[in-house]
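Below, each structure is written out as structure tokens.
In the two assemblies presented below, subunit A is common to both, partnered first by subunit B and then by subunit C.
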Partner chain A sequence: MSENGAGKQLSRLEYERKARRRSLIIAGLSTTAVVGALVVLVPLAPGWPAVKNSFFNWEIFVRTSPTLLRTFLLDVAIFAWCAPLIAIWALVIAVFRDTRSPALFPFRLFAIIYTDIFRGVPVILVVYLVGFGIPGLGLPRPWNSPYLWGSVALILTYAAYVAEIYRSGIESIHVSQRNAALSLGLSQSDVMRYVVLPQALRRVLPANMNMLIALQKDVALLSFIGPVEIFRQAGVFKSLLANFTPYVVAAVIFLAVTVPATRFADTLISRQNRRRS
Partner chain B sequence: MLKSPLIAAAVALLMTVPLAAQAGPECAAGKTISPGKLTIATGNPAYFPWVIDDNPESGEGFEAAVAYATAEAMGFSADQVDWVRAGFDESIQPGAKNFDFNLQQFSITEDREKVVDFSLPYYSSAMAVLVQQPTADAGAVPTIDSLRTLKWGAAAATTAVPMIDVITGSSNSALLYNDGADVVEAMKANQIDAALFDLPTALYVAAVVLDDGVILGQFPADRTENPDNFGMLMQEGNPLKECVDQAIQEITANGVLAGIEAKWLSETTGVPVIQ
Partner chain C sequence: MPKLELQAVRKSFGDLQVLRGVDLTVAEGELVCLIGSSGSGKSTLLRTVNLLTPIDDGAILLDGTDISLPDQDPRPIREQIGIVFQSYNLFPHMTALDNVLLAPRRVHREPDSSLLPRARELFVRFGLGDHMHHWPDQLSGGQQQRVAIVRALAMNPGIMLFDEITSALDPELVGEVLGVLAQLKRDGMTMLIATHELSFAAEVADKVCFLHAGVILEEGRPREIFENPKEVRTRSFLERVR
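Moving on to the complex of A and B:
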């Protein structure tokens, strides 16, 4: 009986292994066919030499890469100082929005209006308005720096989105937990601090990873008000060389950062799903 | 009047020969994108003094006038000229273009020539340094040493960018913007001290856009480094190029071009030259 069961077990494993190998081979073949067709067919198009020269010009790729890589450091720096400030300011807005005491209603109102406005207005308008408008009021140097006010614009906009993500996390904590904590004698603020937020922030981590990836790309919007980061530098090269290859270089550099970040976010999400199920 | 068809034919031949030697309609026949029409592109919007009131159809403004003069020399009457709008990016993209030629202060450069064709130059532009009065009051003068201490800005898609690097002696020394309007905005916000424009644009900005704009000086058009010659941009290998070139040679030789320049860009003299 047991011997028979072990035999069955073995043949099932065998079968599964075969099936897996079979699907791997099919996937491999179909991918090769599609990629092969693209590689063979696209260059057959009549305009391919012109497109190749304009977008995938190796000589220009090599010539512009070092400068573009250097200007990418500015994107990284802007990202690095914006991200933590966004996280903090968004948390403030989210907590404002969750206030329940009638006396604190103005805070709540402010949070509602704030998120409505900054989620509804195009980022680029905020960048222009804050980046040119506020320094235009007559601030002396260095307080009129486009780096400073451009960053403020990004922080204001992104905080509105992230605050809403926080809020969804906060509201996902069941009200019975709050009531239980209150019945234990915790104050409203302690409930928020020790019961709600630790769970809520953990829950929205994957969603916030997506915001980080979006922010990495939107940092380039600061170039509209002066800073020469990778996107602007690519534009300068484009105009001087009359060739779009520098943008392809910029895209490759961006991908080198965003693809690992996206994979990391996916891992976080699936880990969280496993834990919940 | 004519006695016989033979003489008529001979007269017609005589009349067409000199025309064909110049840039007559024969040259352009069948080479334009829509038959019997010359399609010319300009920027969106097009700026003073190149095109007045963003209305090239009026023929008012330097480039609008040059376009009509060129068209005439090529054998197109004013109502055979169609205008379209096309930015720089649309003009350098691979593939068919929606214009025969595009003029909007495109500087002819060796690198650009690899991708598109340029006509002979129709204007050689000086580059001018624009500042605000307080900067000039603070002691900025048109010498390289003084200019080097300023905070620079320019429109990113222009040949002013490499020139600022030459002036300041370092790369990436300027803040760069999408267009001239944004450069002016940054200047108003006091984020930059000085901007580099082609001289006619700088004069316009100083006189009309800024309250206290001052042209500090100009780098003359015939400078040896980075001369800024404006050419009409055409698709690479466009057969129309020789006709356009002949037309520009013709309006240069007969003084029409100089007349247009005198009419629309006359203020450009009298600006101090930077050594």
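Moving on to the complex of A and C:
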């Protein structure tokens, strides 16, 4: 009886191993087929030599990479000071939006109008209006910097989105949590600060990771008002060398940052799901 | 003077009259059980006492003072009234200990030097000494509910309200939570308990109130209510749940 059972177990394991190997082989073959087709077919297109030369020129790739990488540091810097300011300003807006007291209604109204406006206008327009408009007031030197006002434009826009994400998190906290906290005699603001917000912010962390990744890319929009960051520098190279490869380099550099960031966000999400279950 | 007195309390949600003139007294140190079918208004009644639900008419007196007036700050009143809910409602992002410490720290500004020993003693007294630093999701339902009781007790309330606190528990965990209530009764705590645990009510209650369709139809000592109910509806309710 027991020998028979052991034999069955062995054959089950054997079967599973075979099935696993089979699916690996199928996946490998189909991937090779698709990639092979692309590699063989695309170069057969009549315009391929021209496209290859102007987008995938290895010599230009190597020549422009160091400078582009250096200018990318400016993107990273802009991102690095914008992200925390967005997080804070968005939280202020979200909390304003959630106030119930009539005395604070003006703040609530402000938050509603604010999110409506900045979510409703394309980022590039805000960058233009704030980035050119405010320095145009004739402000003295450090205050007319396009870095400053370009960053402000990004912060204003992104905070509107992030505030809505925060708000969805705040509203996702069940009313029984608020009631439990209120019943202990906590004030409305303490309930928000110690009970609702800590849970809400944790819950929307994955959504905010996506906003961070989007922000990292949108930093390139500042190139339209002056700062020579990677996108602008790629444009300069394009004009200089009459070749689009620098844009491909820029894309590769962006991907080198955003892909790991996306994977990190995914890890966060799955870790959070595991903890909750 | 009773610890808590409800006078002709009325509450409607839209067209639905949930409380239709409830009169109820709870004396100092008394354990009063509210029984009645689901939807009879037990939870609403407890929530009005805690001011989570404002009443439409009537009065709620705590130590002789009307706490139901709409123009007063509910916070100092809620501090004196502990409530424990069916679904525990622990704060999931805090350890059991932090759940208990939050309100005394924030509301009473009690220093940790006196608060921590007091909290530890409460945990130990209710058999939770080993679980102070656990997160709510690491605790069983019965343990979570006992932490919720400790959390309410840490504010030193003068009266405790319990809203069907064993209804969400697995049957084998009900006993440990009811044990806590019996312990509190021995300590002299004033308690108003909405419950479906009739044998528990029969055993420990000083008074049992049968709530039906928003009014207290019958009240009395547990023996009177359970063995010799006067009202037909009380009788049929008891027959149905037994």
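Note that the second predicted complex is superposed on the first by the 264 of 277 C-alpha atoms of A that agree within 3 Å, B and C clash if a C-alpha of one lies under 4 Å from a C-alpha of the other, contacts with A are read in each partner's own complex, and residues count from 1 in each chain.
Just so it is clear, a residue touches a chain if its C-beta (ideal position, glycine included) is under 8 Å from a C-beta of that chain, and two chains touch if they have at least 3 such contacts.
Computed from a predicted model, the values in this text were never measured in an experiment.
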Which superposed partner A:Ala214 touches (first subunit B, second subunit C, both, neither): neither
Partner chain in contact with A:Ala242 - subunit B first, subunit C second, else both or neither: first
Most subunit A residues touched (candidates subunit B, subunit C): B
Touching partner for A:Pro135 - first (subunit B), second (subunit C), both, neither: first
Contacts of A:Gly226 with subunit B and subunit C, given as first, second, both or neither: first
Which superposed partner A:Tyr194 touches (first subunit B, second subunit C, both, neither): second
Partner chain(s) touched by A:Leu69 [first = subunit B, second = subunit C, both, neither]: neither
Doubly contacted residues of subunit A, that is, touched by subunit B and again by subunit C: none
In the complex with subunit B, residue positions of subunit A that touch it: 47, 50-51, 53-55, 67, 71, 132-133, 135-136, 138-141, 144-146, 223-228, 232-233, 235-236, 238-244
Residues of subunit A touching subunit C in the complex: 176-177, 179-187, 190, 194-195, 198-199, 202, 276
Residues of subunit C that touch subunit A when the two form their complex: 50, 52, 74-76, 78-79, 81-83, 85, 87, 89-93, 102-103, 106-107, 137, 148, 151-152, 155
Complex contacts: residues of subunit B adjacent to subunit A: 88-89, 92-95, 109, 111-112, 114-116, 153, 156-159, 161-162, 171-172, 174-178, 182, 185-186, 188-192
